[in-house]
Amino acid sequence: MDDWLIAIIKVVCIWVWVLLIAVVMTWVERRGAGLIQDRPGPNRAGPWGLFQPLADGIKLFTKEEIIPTKARKILYILGPLLFSLPAFSAYAVVPFGDKIILGGKEIILQVSDVNIGFLFILAIGSMGVYGVILGGWGSTNKYSILGGLRSTAQMVSYEVPLGLALLAIVFVYGTFSLRDISLAQQGTFLGFLPNWGIFKQPLGFILFIVAAYAEANRVPFDLPEAESEIVSGYHTEYGSMRLGLYLFGEYVNLVTISGVIVALYFGSWHMPYIDLGAYLGPISWGIVSFCIFFLKVSFFLWMFVWVRWTLPRFRYDQVMGLGWRGLIPLALFNIFITALFIQLTV
Amino acid sequence: MNQNPTSQTSYESDNYVTINIGPSHPSMHGTLRIITMTDGETIVKAEPDIGYLHRGVEKLGESLTYHQFIPITDRLNYCSAIPNNVSYEMAVEKLMGVEVPEKAQLIRVIMMELARIADHQVCIGILGVDLGAFTPFFYLIIQREEIYEIFEWFNGARLTNTFGRIGGVDADLPDDFEERWEELKPNVRKANDETEKLLTHNRIWMDRTIGISAFSAEDALNRGFTGPCLRACGVKRDLRIDEPYCMYDKFKFEVPVGKNGDVFDRYIVRMIEMEESLKIIDQAYKLYKEMPSDAPLMARVPKVIKPPAGEVYSALESPNGELGFFVKSNGSANPYRIRIRPPCYMMFQALPELVKGEMVADLIACISSLNIIAGELDR
Amino acid sequence: MDLKKRVEQYLGPEGLVVAMTECQGDLSAEVPKKNILDVMHLLRDTPDLGFNFLSDVFGVDNLDLNKPKKKPKKKTEEGEGAEAEEEPKEKGPSPPRYEVVYLLLCLERNERLQVKVRVAEDDMEVDSLYPIWKASDWPEREIFDMFGIRFKGHPNLKRLLMWDDFPAHPLRKDYPLEGQGEERHLVYDD
Amino acid sequence: MAKPVIKKEYTLTERIYLWEILKGMKLTWGHFWFNFKACWRPGPHTIPTCWQYPEDRTREISPIFRGEHMLQKDDKGREKCIACGMCAKICPAKCITIKKGKRKEGEEDKYAAKTYPASFEIDLLRCIFCGFCQEVCPKEAIVLGQNFELARYTKEECILDKRKLLLNYRKAKEEGKLRPPRKRVPVVPAPPKPEKAEGAEAKEGKAAAVGKAKKKSVAKKKAAEKVDVTEKPESVEKKEAAEKEE
């Protein structure tokens, strides 16, 4: 087998897989919301309402595409594409398992192990903001513009604490590659803790997760689409599959962010205390590692839902205040402490 | 304030954006419309525009008989129809000089307090939804459904109750009222508790509500505020205590008073009022049980009501504030003029002052906390 | 001292009160139209009266009341079926057609007072209370909307509930209940 | 007595966001877990607070619910309605129209009284379900049943004629969902002028003001007793109602 063929298979598989998770997430979100709020949630289409996303998809596909008369057409059409493409491509550097050996060939379970994985995620992640601002601007709707502006300001602001939190991780592990960091989290830390990033970077983890929620426009940072204030934010004027792309892109973003959190802070595919890889064959370990990784990711996906239905929403200026006055100093402090610690111990 | 907030000036400006919020907008309660001029997200000027739900209730009343108007009052504040009914009935009874039997008054008290709880639950729930916290709304609304269940078993309707008749009430409490009430009481407390846990001490919630659209007591009185919003400003005024009607002077309850008159105070005042309402119902039900089972529920009123010519104003403390009916009679079977004084009408006109300098998101919080019901606003 | 005497004591000497009536404990004082602002100032600022809260302002159309009492139950049926028979001006000076009623409240003593102003059809202008109580902002606009009474000194006197170019005043007694077929034409630019 | 409710100083736990957020998440998790377990219960009614409406009809509807109207028959299967027109008169929405018919010889088993409604129409599109019609009805002929499913395809279907109203009655009777007989609301006894029996007699229809819950003779007698003289004898009112109909 050629390397490029393997690469293509991996890309397709992971693409489908991420898509599938995102689809199921739309169901989980609504079902979870229902259960949290003492009601069943969607339970009509299929068993437990599992086909609900399918029904939604069909609905979105078959709806008439409407472009508002006064919209700036090119930007309007470009918006959702520019939003969903980076969302899909960002997962390329996130691992989803250890490695699998097929026909004597070692295949790492990651689309590409770039040695600047972090930078790729940060760079591609911030591309998404173009889709939002273009969609908001192109709609020629005041609510959309407000939503787009809110989103831009918020994403730009929270890139900084996100990057700073990641920087501390780089200090600890000395590499930019997510795979290397994952590998480094095997074993134990201080003798009794799993050797996970969260125990080495507890503050960094909190900073990262808060900034990640803000980047993903999730509650409590969902002001770009705060429906009680600005109707639907940047996608007020969108309908049919264009709206679908926006909504979809968000869920794909969630999958990526959860993957990054697991890879960096929660020991990737490692079980705590047990090194399963030593007991299992190469193929079975590949599958098991994938499952472990996926389970961890699902927990964080569920966290997104759980938090969403618990918290109220920030106000625009409070989000900015929290970002610039709260998170960035804390992140700097975190870097300082980490650097000091490394300097003292090494 | 030398600059009048509602005066019509041009909305065109290079520096400001004019945003038209409503009449169909996810968080406009009913059909309100607010034209805001914003500097970024800060509101420079807001002008409410009402009348989208105007149904000419006052005009309609002039063509109906006194009794036929009762169902129309249901449709004023549809979140709590019962105080509307009772307020109107009280006005006509005052005009006729009819004394309502005590047992009927107790039933009215019980039902009105239940309606007050239901209204506050909706108000707080919606306030949460408008600020992004969806879940408390559902916890509260489930208990409201239980309250509506009591209404349903009382006289057959859940929302538009058409409660009471001129001179009394139309039905006795259902036999299983006590059972339902004992079941409901802890559940309401639990739902309120959970709401408090989710919201009150949450920093996000506090940031969003404390100090938002604060109003001084002086301004509030000048603007004609009543009810929880006035009490949140620090004025202890409650018609149930100040001008007791329906035997309210026999119950012991406290009137919560706020300090700043901001959204948070209104929220807390409403929270405490629910608890007090529960206490009132307990006391009223105790008194009710002491009455003989065949005690009269209706005063002797003629079948066709023709009050003597005259005009009276009678008000009660609805969940939202002073809800008054002015009824003028010319001696015929139709009221000559009915004027409704809805509580949120007076509060909504202060909106330009309330939200000036706040942000768009605060405008939404402010409207929710005032509990604007378009049905009674536009009549 | 009961309220009626107090009101008479303070308002009477200046001739500021025309008549006082009482109905089921509701006291109402009719005051001359031109003095309404003075009266309100007096009512609010005199410590013995202290009516510091404006509860409501509304209008009443007395067209049917002023009619000769031949057929007292003429409009019991279909609201304003009487619209057809336009009442011509009665011989003799008929009393002013409209009333504006102010509901005042004294928060300290929990006393209520209705203050009435009669407005004749040929002089439909009353002083606005906006400088004293801002609560009168919308109610006055509504009276203008529903009865056509203008308020002098109101900063923003335009229609409140009906749309701006609505041609009639709906709460007048001679306006039919079903309306006159007014339609609102919304004009959108381009 | 005023309660101080304000606590504006943020405490430390409030300051740091996370503590209260975690507490809130614990609460929502409790709800989630409870309902998650309830999900697995058999039957459509799984989560206690929700009824899966079209399938699950176990929710008990109040027997006095004000739903779709019906015209009742008496024990012998005769129509109770006497077409007096009281319901049409009291209706605030003016949604009832009645045409009176005179009972002919040989129809005694069909109609209970000498007059009967030749046509009886209720416009559901206008009806506001206030229940006044059933309160004034002297014979308890028209009542509001428990049916709340009022959606129809055409406007014509929304006008209930006599056949549909009687059909509603038959359906309700088969399902055992008839409205229980009206409870009398006790009225303040008349001032002691006449020394006739009051206790039992003074009980009047649900709403004494509008209701005519009595047999005609009693109502007339009482009307004579009343202090408030504005009331007309029932027959007069009935005549008026009939006239109005024309």
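Letters A, B, C and D name the chains as they come in the text, with residue numbers starting at 1 for each one.
Convention: a contact is a pair of C-beta atoms (placed from the backbone, for glycine too) under 8 Å apart; a residue touches a chain by one contact, two chains touch by 3 or more.
Keep in mind it's a predicted model, so treat the numbers as computed, not measured.
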Item to check | Comparison of B-C and A-B (more C-beta pairs in contact) | outcome: B-C
Checklist outcome for this item: Taking the mean of all protein C-alpha atoms as the centre, the chain whose own C-alpha mean lies closest is B
Next on the checklist: On a C-alpha centroid basis, what's the spacing between chain A and chain B, in Å?
Outcome noted: 45
Checklist entry - Just how far, in Å, is the C-alpha centre of chain D from the one of chain C? => result 39
Next on the checklist: Just the number, please: Cα centre separation of chain B and chain C in whole Å.
Outcome noted: 25
Item to check | Rounded Å distance, chain A centre to chain C centre (Cα mean) | outcome: 64
Item to check | For chain A, residues that touch 2 or more chains besides their own | outcome: 36-39, 309-311
Item to check | Residues of chain C engaged with two or more neighbouring chains | outcome: none
Checklist outcome for this item: Multi-partner residues in chain B (2 or more other chains touched) are 135, 139, 142, 198, 202, 204
Item to check | Interchain pairs in contact, sorted by label | outcome: A-B, A-D, B-C, B-D
Item to check | chain D - residues contacting chain A, complex | outcome: 18, 21, 24-25, 27-29, 31-32, 35-36, 39, 46-50, 52
Item to check | Interfacial residue positions of chain B with respect to chain C in the complex | outcome: 4, 6-8, 50-51, 54, 56, 58-60, 62-63, 65, 94-95, 97, 221-224, 235, 237, 242-243, 310-313, 315, 322, 324, 326, 328, 330-334, 336-337, 339, 341, 345-346, 348-350, 378-379
Checklist entry - Which residues of chain B touch chain A in the complex? => result 17, 19, 25-27, 41, 128-135, 138-139, 142, 198-199, 202, 204-205, 207-208, 359-362, 364
Next on the checklist: Can you tell me which positions in chain A touch chain B when the two form their complex?
Outcome noted: 33, 36-39, 142-143, 146, 219-220, 222-223, 226-231, 309-318
Checklist entry - So in the complex, which bits of chain C are touching chain B? => result 23-26, 28, 52-56, 58, 60-61, 64-65, 72-73, 75-76, 78-80, 101, 103, 107, 110, 112, 114, 133-135, 137-138, 155-156, 158-163, 170-171, 175, 177
